[in-house]
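Two complexes, one shared chain (chain A), two partners (chain B, chain C).
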Partner chain A sequence: MEDFAVKIQGLTVAYDAKPVLSDIDLEIPKGRLTAVMGPNGAGKTTLLKSLLGLIPKVKGEVEFSCVRGKPPKIGYVPQSESIDTDFPVTVLDVVLMGCYGRLGWIRRPSKEDKEFSMEMLSKMKMEQYWDRQISRLSGGQQQRMFIARALAQKADIYFMDEPFKGVDAATEKAIIEILKELRSGGKTVVAVHHDLSTAPEYFDWVTFINNRVIANGPIEQVFVGENLSRTYKAGGVT
Partner chain B sequence: MDMAIEIQLIAALTAAGCAIPGSFLLLRRMSMVSDSITHTILLGIVLAFFMVQDLSSPLLLIGAAAMGPVTVWLTELLVKTRLLSEDSATGIVFPLLFSIAVILITRYAGSAHLDTDSVLLGELVFAPFDRLTVFGVDIGAKGLYLSGGLFLLNVTLLLIFFKELQITSFDPVLAAVLGFSPTLMNYGLMTAASLTAVGAFEAVGSILVTAFMIAPPAAAYLLTEDLKKLPVTAVIIGAASGILGYHTAVFLEVSIAGCMAVWTGIFFMAAFVYNVIKRKRGAAAKC
Partner chain C sequence: MDLLDIFSDYTVVVVTLGSALLGMVSGLLGTFSVLRRQSLIGDGVSHSALPGVVAAFLITGAKNTAVLLTGALISGLLALLLILTAIKHSKLKFDAALAAVMSSFFGLGTVLLTCAQKLPDSTQAGIHGFIYGQASSMLLRDVVTISVCGIFILAVVLLLWKELKAFVFDRAFAKQLGIPCKRINLILSFLTVLSVIIGIQTVGVVLMSAMLIAPAAAARQWCDKLWEMAALSALFGGISGAAGAVIGALSEGMPTGPSIVITAGIITVLSLLFAPRRGIIYRMMLRRKAGEVHYGHGD
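Presenting the complex of A and B:
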């Protein structure tokens, strides 16, 4: 049995009376890249948000395993369309937000925080855009910025909502490099992923959900035709 | 101090104070909430007045300030039923509370100096007659201290909570993950906006407070892409509208509050035109 990063037992989440997730039992392994896959409306984003504690649960338990004796630090990459790109912030402003968790209330980011954020930007090859307002970035550049922000969080577990959505090929490659680097550093990554063709190459663990858990395990064992058809045909969503 | 200067200072400070919470209401796409709050605080004032029977009591400020979060809470209660959208819920809550306040005033407070006209339009012209005296010494108009105090309060809150306001407005999900409660910041902002609205209420009345809270930040939004410069620009535009509005009103012999609101509109139009030209030039430069 592998060490788990997150253990979910009997999780049920509902909007109104309609359950979006019912009776989810799941162990997400530590130090792996896990893809959460399923058709539209399967509850992938809802699962992520309820793990982050942002949506009230109807019932069930979510347990995070400790990292070095402490609750793990959680990093987060939003779904790109959930962001208001007209908001008056620059690329560096956004990456700096990754440091806010360490600062706590009221304390302001220091020069070191800014330098560290610039470093994370250059890691994503975004340093020349640091003072741009974020609406003047391409989809790929925006995603690189959010990955840089997640890196600035220095988290133990990263939750990413479709990190490859709407990005160019070069960005996709850059992101997957970073994910692998995080894994070698012992970090856990949980990403909502849509592209069936790239999943086996990018991830080493997969969770198929469609309102409930269809399958969960190492990608080479679980990513098979039977599970795919059960995931994408169950529930009447095509 | 000269009466005319006092009026202008009160107007400028009021508008400047409104521009700060207004900037964040605008960024959170909650502009109409300011309209809602500026109406419902009247109920807070009326209820507090019934308790203390004194129009100059500071308790009136507290009653009004408490009504802002109550309004937001009631609105969100309706939104959470998922039966109506946010704007419909706003449209149900504020006329209800406001109309209760108007009925209470006309029925029970007719003899007090709490009449609907002054509530809707404010009485800036009379502000200099209401003096603040300390040990018998006249130290200036009360309105000056009220508007100045609220402006300083807003500046202080902005300086302390800038980072928290930024992250909860821009990315509430990350804010929540990092431990900056978006709900807490939301209610805090609403309380600050309500308090500010009460001050502005005396100067320009409940209807025009919205003009001060939203138009200067909306103009500033079109002029700057820097969150630090946004409230500063909005404060300058608001204060300028107050002063220019006063002079226009004196020159044309019309309502001061009305002229100030017109100036906020003129500034917005100018910013809009500037923004369009800038964008066109930007597009041309790319070719």
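Presenting the complex of A and C:
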């Protein structure tokens, strides 16, 4: 068995009385690109959010393995439609928020934080838009900005909720390059992914869920017809 | 009174100063209310403050501002708590819960006012002023109260600036960063209630929410950064407060509170019309110029 980045045991999450995730047992491997796949309403976003501690769990254990003896730092790319793009912030403002977590109370982002955030923006080929209000970006540019913000978190594990949703081809390519770069740097990436046709090419590990875990393993072993049909036909909406 | 005289008049200077400070404080906090799409929260709190004011008067018999505003603060916070509890434990949406609580509290306040009016002497005279405000009765003591609250609010906003910014912009991300969102939410709500309460004596419970919303809505038109919006909103609020007070002093019988709100309203209308890029006129011209060219975003 590979080293795990996250180990989940008996995780159950419910909205009201209806469980969205029941008894999830899962090990997400360290240093790999993991796709979380399943039909709409399968609990993919819920899984991410409960791992991040954003929503309470009914029961179960979530264990993150330490990195260099410390609990891992976590980066997060939420679903892009969850924010108000008319908010008065510029692209650099948003990326700087990635640095807030290590600043603590009262302290403001320093010159170094700003330089680092600009670097992350240029990684995503977004540096020329640094001073733009965010509604004047295309959907793909907004997504690149949110990934730059997650990069600014200097994390060990990145959770991304549908990073490829609604983006143009150039952005998709830029994101894939970053994911590969993160993997070569030993980072772990867990992404909710929808596109069955690109999954085997982009990711090297896949977790199929539909309320419970259907299959979990290396993509070349697990991404097979039987698992796909069990995932997408097991009472899902699609 | 003409323009030169009024600034040598002690009362007018006090009222102008107090109204300007008030406008600045509520303009600053209104920025967050508008961006959180909770513009009606000020309305809810201010209307709900009325029974607190009258009850404080009925119980203590005092017309001391501090006592009355404490009553207002208690019933304003109580109403807010009720609204938040209703949303949390029922399927009621924010606007429905707000409307139900606010009108009930205001109704109760009106009933209590009627009771107060039945008191034998005319001690209740000043209480009515809380409905539409009575800026002209502002004392130096009140200006000091407004200043102290204003400095407190400004200090908290500055100290928690990045937490507030992250929280209001993207709550899920802020929570993931480890920012205690529930606490930040409580602090922000408390500051908003406080700014409403210190304003109701001047502007009145009916119009107070305009002091939060109008300057912020106007400021949003002119800038693309949060600190710019907050600063401009405070400036617009301050100008409205001062201008309203001067109008009230210049013209006999013009009520100050409504004058302040009308000034803020005019600034808002002008901003909505004439601001570059976001203004209605600019966008109409842009559309005409663009003709059939598709108006999209990005490059």
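Definition applied: the second predicted complex is superposed on the first by the 237 of 238 C-alpha atoms of A that agree within 3 Å, B and C clash if a C-alpha of one lies under 4 Å from a C-alpha of the other, contacts with A are read in each partner's own complex, and residues count from 1 in each chain.
In the analysis below, a contact is a pair of C-beta atoms (placed from the backbone, for glycine too) under 8 Å apart; a residue touches a chain by one contact, two chains touch by 3 or more.
Note that the structure is a prediction, hence the values are computed from the model and not measured.
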| item | value |
| --- | --- |
| Simultaneous placement of chain C and chain B on chain A, clash or fit | clash |
| First (chain B), second (chain C), both or neither touched by A:229 | neither |
| Touching partner for A:16 - first (chain B), second (chain C), both, neither | first |
| Touched partner set for A:137, first chain B, second chain C, both or neither | second |
| Chain B versus chain C as contact partner of A:108, first or second or both or neither | both |
| First (chain B), second (chain C), both or neither touched by A:76 | both |
| Common interface residues of chain A - those touching chain B in one complex and chain C in the other | 49, 52-54, 74, 76, 78, 82-84, 87-90, 93-94, 97, 100-101, 103, 105-106, 108-109, 133, 149, 153 |
| Of all residues in chain C, those that touch chain A in their complex | 35, 37, 159-163, 165-166, 168-170, 172-179, 220, 223-226, 228-229, 297-299 |
| Chain A residues within the chain B interface of the complex | 15-16, 49, 52-54, 74, 76, 78, 82-84, 87-90, 93-94, 97, 100-101, 103-106, 108-109, 133, 149, 153 |
| Residue ranges of chain A in contact with chain C within the complex | 49, 52-54, 74, 76, 78, 82-84, 87-90, 93-94, 97, 100-101, 103, 105-106, 108-109, 133, 135-138, 141, 149, 153 |
| Complex interface listing, chain B residues touching chain A | 27, 82, 160-164, 166-167, 169-171, 173-174, 176-180, 221, 224-227, 230 |
